[in-house]
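Heads up, the next two complexes both have chain A, just with different partners, chain B and then chain C.
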Partner chain A sequence: MLQVISAIVVRRLLLAVPTLWLLSLVVFFVLRILPVDPLGMLLPASATPADAAALRQQLGFDKPIPQQFLIWLWAAINGNLGTSLNFRQPVSQLMMAALPATLELSLVGLVLALLISIPGGVLAFVLYQKKREAAADLTVALMQSIPSFLWSLLLIAAFGVLWPVLPFSGRIAPDITLPGLTGFALLDLLLTGQFSGLLSALAHLVLPALALALGFAPLVIRVLRSSLIEAANEPYVEVARLRGLSESRILWRHILKNAALPTITMIGVQFGFLFGAALLVEMIFGYPGIGNLMVQAVKGNDLPLIQGIALIFCVLMLAITVIVDVLYAVLNPRMRNL
Partner chain B sequence: MSTLELPALAGSSIDSSSNLRAALRELARQPRVWVGGLILLTATVLAMFAPWIAPHDPLDQDLLHMLAPPMWAVDGSSAYPLGTDGLGRCVLSRAIYGARVALTVAIAAAWGSMLLGSTLALFGGYFGGIVDRLISYVVDLWMSFPPVVLSLILLVGLGTGVDKVILAVVLVDWTRFCRVVRADVLLTRRRDFVLAAQLIGFSHWRTMLREVLPAVVPLMITLFSIEMGIAIVVEATLSFIGLSVPPEITTWGQMLADARNDMQSAVWVLLTPVGCIVVTVLACNLLGDGVRVALDPRLRQRAG
Partner chain C sequence: MTDEFELDPRKRHACALDRRQVLLGTMAAGIGALAPLSGHAEGVDKSTLSIAFPVDVPTWDPNALSIPAIQNLYATVFDSPLRYSPDLKLSPRQITDWKWADDKATRLEMTLRDDVLFHDGSKMTMEDVKFSLSDRAKADKKLVVGGMFNTVADIEVTSPTRGVMQFNRPTPTAPIYLAFLCGYVVPKAYMLQVGPEGFNAKPIGAGPYRMVEHQRGSRIVLEAFDKYWGGVPTIKQVTFEIAPEASARVALVESGRAGFASQLPVREVQRLAQKAGLVTKIYPFSEVYMLRIPNYVPPMDNDHVRAAMHLAIDTQALSKAFYAGVAKPLSVMAPEGTPSNVPDFKFPYDKAKAIAELKQAGYGPDKPVSFTLLSTNGTFPNDYDMARAIAQMWKAVGINVTIEETTSAKLLDAAQNGKLAGPVLYSWANATGDPENYAGRIFDPRLRFSTWKDMSLSGRIDKLMTEVNEQERIAGYKALNVESSEKSWAIPLLQGITAVAYSSALQPTLFDNGYVLPVEMKYR
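Then we have the complex of A and B:
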């Protein structure tokens, strides 16, 4: 088992090297065809062309683009992603501060999405070819037409403005400072035993995580439903029925278990969608994550920061493929004897 | 050889026209196709004739009537059927004009991604080998970016404007078509009629366009419809952030951004742009689902 897992991890990591290199190259060149001058924002209105040239030289923007890329790549390999033009801080430092927040939000969002979509998918499957199937289909289609960023606005309108019960800005109440242990707010507050802080952080997490979950759930429901339909046609279901197992036991213990594999694969493939949605959700809720940082970087043409965040997103996506592959190997009995 | 070919060709032409009629009949039997199609048609008509239909200019500010409620509210007025926004602009007119950008982006971006993605899929899937591996590698590479992140990066590089948004969506979403259509081409390539065409001695070009392509068209129509919905959401997202178009062009995303600022004093302003986006995207999804169910023989048998 362990061998299978380590083989998967090693193979994936080897494949990841050229992928990351090529992706950085693509991002780098796309960002350098920019029609706007990234230095525009840095210079005071009274700057002379000579000042601009000096700054350009200082930041290395005067060199040919391939040379700029090599310089960036070499520094990146050594763990230096450059300095943000707008924040005047090292890119890696900015990202390390924001990354745990995004991971926390995405994980809680994913858990909520599963809590919605597992019963939802099973319900859609139970209604398959029944009278109320059309209603179920329409509900899923409607859910699929409301992206997370619209859910964010609707949830803020409902629970922040009309019935103001939940906070909708930031990660924690402004008068509480987060203990900076791991960067994961819930974990840190739990470890340091600050339960009022924990409540505040949870309250701040509810709406953004729910917005993320509601946008992601219909995708999972659809895949789960079709996987369940497929799994229910397998011969072992008939065998289980002949053995006299109850229908609900067959559904929850046998069919669902077998439908889980394709669903997990799909969730892995669609994680990019989740991160993309998190970007907007973070921006709307003023949540200090990596997506929010990206939006600010894009608005300010902060090239080193955009480049760094793009790289982090690629690393995250690659990490998720590894996790999905490993989960697949662990959960699939056919892979166990390899 | 030529005597053998004639009846075969004549047979196939009769077959294809009756196939088309059968396909249209299947489509007409799908309520989802009707509902989705009608909504999209209405939205297109509204968008095309916006200057004649909209009661006001979408940029006209009526500073005496800021954040006016919709007409059915107690102090609503029929001059502004859906009320006004924080700058006193007519919400209904802005919604109608916003449909122009949304549908332009939807149709153009879906065409672009379909052409680019399906062409590459057809080549890769049909010829296989190194071409296929190269294309698949690029698709995998592209898909290791979250789509929103990639489109943000592209917009930074390309600059803003409706044409840039369309280009960004095409450059991000062609992979969606490529991956799915390629799988279908791979299956079709091994079917008997394709082998027969190759045996008769049709050129690769002709086999690809006349035999393989028609077989994957239903899938492409489904994807096209769904892609329109995706493009509408992407455009709304980008203009919500403020990256899509200059402020003198009205979009649903801008309306959302304005509504967000005025949310504390007037929640209802949010409902119109949200409703516009959700209904249009739902129409695209319904149409796509309907086409898929109607034209996919496996699904049709199950349903019938």
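Then we have the complex of A and C:
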């Protein structure tokens, strides 16, 4: 098993190098040919085109794009992703400060999504070809038609304003300072024994994570339901029935296990959806993550920062692909021989 | 006094809930109870205040960037040498006296207060002023302060509290820049010790509040500075909750989690006005909504077409439709009450005359003129809606426009490269109210973002910028304002508005330049 996992990881890592290079190249060129001015806020109202040209030269934007790319690539290989134009801080430093918040939010969002979608998918399967199937389908369709940012606003309206029981701004109460050990608030607060802080961080996580989860869960429910229906028609299910196993035992022990494989693949592939959705969700909830940083970078045409964040997103997606492949191999014995 | 019962919507709605809602609510309340519910408490705890604010501070180096929206925060942490009063009068602050030492406006004598302390306890001296406004700009061209003080040759320090700002050309308006973008004083010794990066991480200013925590994109926590020269602020802790999404700002103030929320949508503010415990204000400030016209794009080079565009716009109707009638219609590029406003001059709304002008240009309802109108969407309140309304008004006289949604960054790029596709609906910020930062910049054809590229205006604007006689300077700008409006080099529409909501327990001072300064707020 370990050998199979190692092979998968090595194969993926080898593929990651050209993928990252290609993505960097595409993002770099696209950003440079966009009709936006990266010097927008770096110059005062009184600046002349000559002032702009001088600054452009100082920042290296006057060089041919391929040359700019090679300079950036060499620096990136050496661990330097450049300096943010607006924040005046190293890009890597800004990203490392924001990334744990996004990872934490996305992971909690994923857990909540699974808590909603696994029972939801099973329920939708149980209601298959029954009277209430239409109602279940309608509910899922309604959920699917509401994107995460809209869930955010609905949740804020419900639990922040109408029923003000949950905080909806920031990562923790203003009077509590995060320890900053790993950047993961829950872990840091747990490690330092700040339990009131931990509860505050958890409360601040509920609404944004739920907004992400509610946007993500319908996809999982649909795929899980389809997979369950497909798996239920397999001959082994009939054999199990003939053996006298109860329907619930067949469902939870046999059908669900086999239906899980395509669902896991879908979750892996769609995990990027959570990061994408986090972009707006973080902005709405004032959550200091990478999505929020990206929005600010885009608003300020901060090319080095946008480039860096695109790269980190790509790295994350590649990492998720590796994890999904490994999980797939662990769960599906047939994959181990491929 | 704030009525806590009225502020708490839970109590008002509880009896209208069904069993399922109660169950769900109980679950949520259970989770919510885990966190200290600071919301309403913040509204009544007179030592703290949360402000729902739309923009974060990219860098704590106040000399680096010229973003108008964050000047509130810089002024709060760094204070400023001079400051505009709520009714836009230039007033002493860290600098108590300023006067010209010559009649050419090239030597400005300044006296600094002798009791200004930075947050590290060190005293502010004229060396810090020289370092911030002159030396830094010369050493690092990426700092925007150099552009704001581009005629400063040097600052001569004559004593720790006295100095002379020397200019390489007459700069009669120099004092206004001591109360404007980037004109903040940073501690020289500390900046040199920690460098810009260290300073950005841990800024030290001389303002009424010191920065204690900054979670980027989320929250800025400020604490009252007990050695502030103006006295310790009454509110001890101020938290700026960064909420770029307007709905989130509305929710923050509506739920009582923020005591003050700025830049809210007009319709939301009208709704919030019905809520007990909240005070709302929609008020005009020193920003101007206008149409900027690129004269190099046909048919914008046609005087009659521009005149028709201008005559066909009913600014009063725009104000009523989108700004609750509060945004004052403008005939010139200067709001009412500012020095270069011309109260006697009114540009008319006249559809018949607009049709007649178009006819002279060879167009009419049967042969409409077509071009692109550029508009941002969400950069200032109801911008895109206003563009659509203008398009309808123009259509009625024979002007067909295609509205193209754009961004500020794209506009800057297109303007700089002379590639604007048509007129632009724009909001022009100017916290000083001085005409130099309205018409003086808008019509200077040499600037990178200028749209009306008439090079013959350069000399006229140079003369105004160096004019030492204040009366003649203002008269010159008034004449430029009237001529530019009559000839429609740009079309002034409305004075900008801003909408805020705050707890009725709070007494904020609202500034005519839109500033939100916690030091000028107190509880009743």
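Basically, the second predicted complex is superposed on the first by the 330 of 338 C-alpha atoms of A that agree within 3 Å, B and C clash if a C-alpha of one lies under 4 Å from a C-alpha of the other, contacts with A are read in each partner's own complex, and residues count from 1 in each chain.
Heads up, the rule we're going with is that a contact is a pair of C-beta atoms (placed from the backbone, for glycine too) under 8 Å apart; a residue touches a chain by one contact, two chains touch by 3 or more.
Quantities reported herein were computed from a predicted structural model and do not represent experimental measurements.
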item: Joint occupancy of chain A by chain B and chain C, clash or fit; value: clash
item: Touching partner for A:173 - first (chain B), second (chain C), both, neither; value: second
item: Chain A residues touched by each partner, larger count belonging to chain B or chain C; value: C
item: First (chain B), second (chain C), both or neither touched by A:9; value: neither
item: Contacts of A:310 with chain B and chain C, given as first, second, both or neither; value: first
item: Partner chain in contact with A:157 - chain B first, chain C second, else both or neither; value: both
item: First, second, both or neither for A:284, with chain B first and chain C second; value: both
item: Partner chain in contact with A:206 - chain B first, chain C second, else both or neither; value: second
item: First, second, both or neither for A:295, with chain B first and chain C second; value: both
item: Touching partner for A:51 - first (chain B), second (chain C), both, neither; value: second
item: Shared chain A contacts, counted only where both chain B and chain C touch the same residue; value: 35-36, 153, 156-157, 161-162, 283-284, 295, 301
item: Contact footprint of chain A on chain C as seen in their complex; value: 8-10, 13, 25, 28-29, 31-40, 50, 52, 56, 58-59, 61, 64-67, 141-142, 144, 147-148, 150, 181-182, 196-197, 200, 213, 215-219, 221, 237, 239, 241-245, 247-248, 251-252, 254-257, 407-410, 412-414, 416, 419, 437, 441, 446-449
item: Complex contacts: residues of chain B adjacent to chain A; value: 140-141, 143-149, 152-159, 229, 233, 237, 240-243, 256, 259-260, 263-264, 267, 270, 274, 277-279, 281-282, 285-286, 289
item: Touching residues on chain A, where the partner in the complex is chain B; value: 19, 22-23, 26-27, 30-36, 137, 141-142, 144-147, 149-150, 153-154, 156-157, 161-162, 269, 272-273, 275-277, 279-280, 283-284, 294-295, 298-299, 301, 306, 309-310, 313-314, 317-318, 321
item: Sites on chain A touched by chain C in the complex; value: 35-37, 40-49, 51-52, 54-55, 58-59, 84, 86-89, 94, 97-98, 153, 156-157, 159-171, 173-175, 177-178, 196, 199-200, 202-204, 206, 282-289, 292-293, 295-296, 300-301
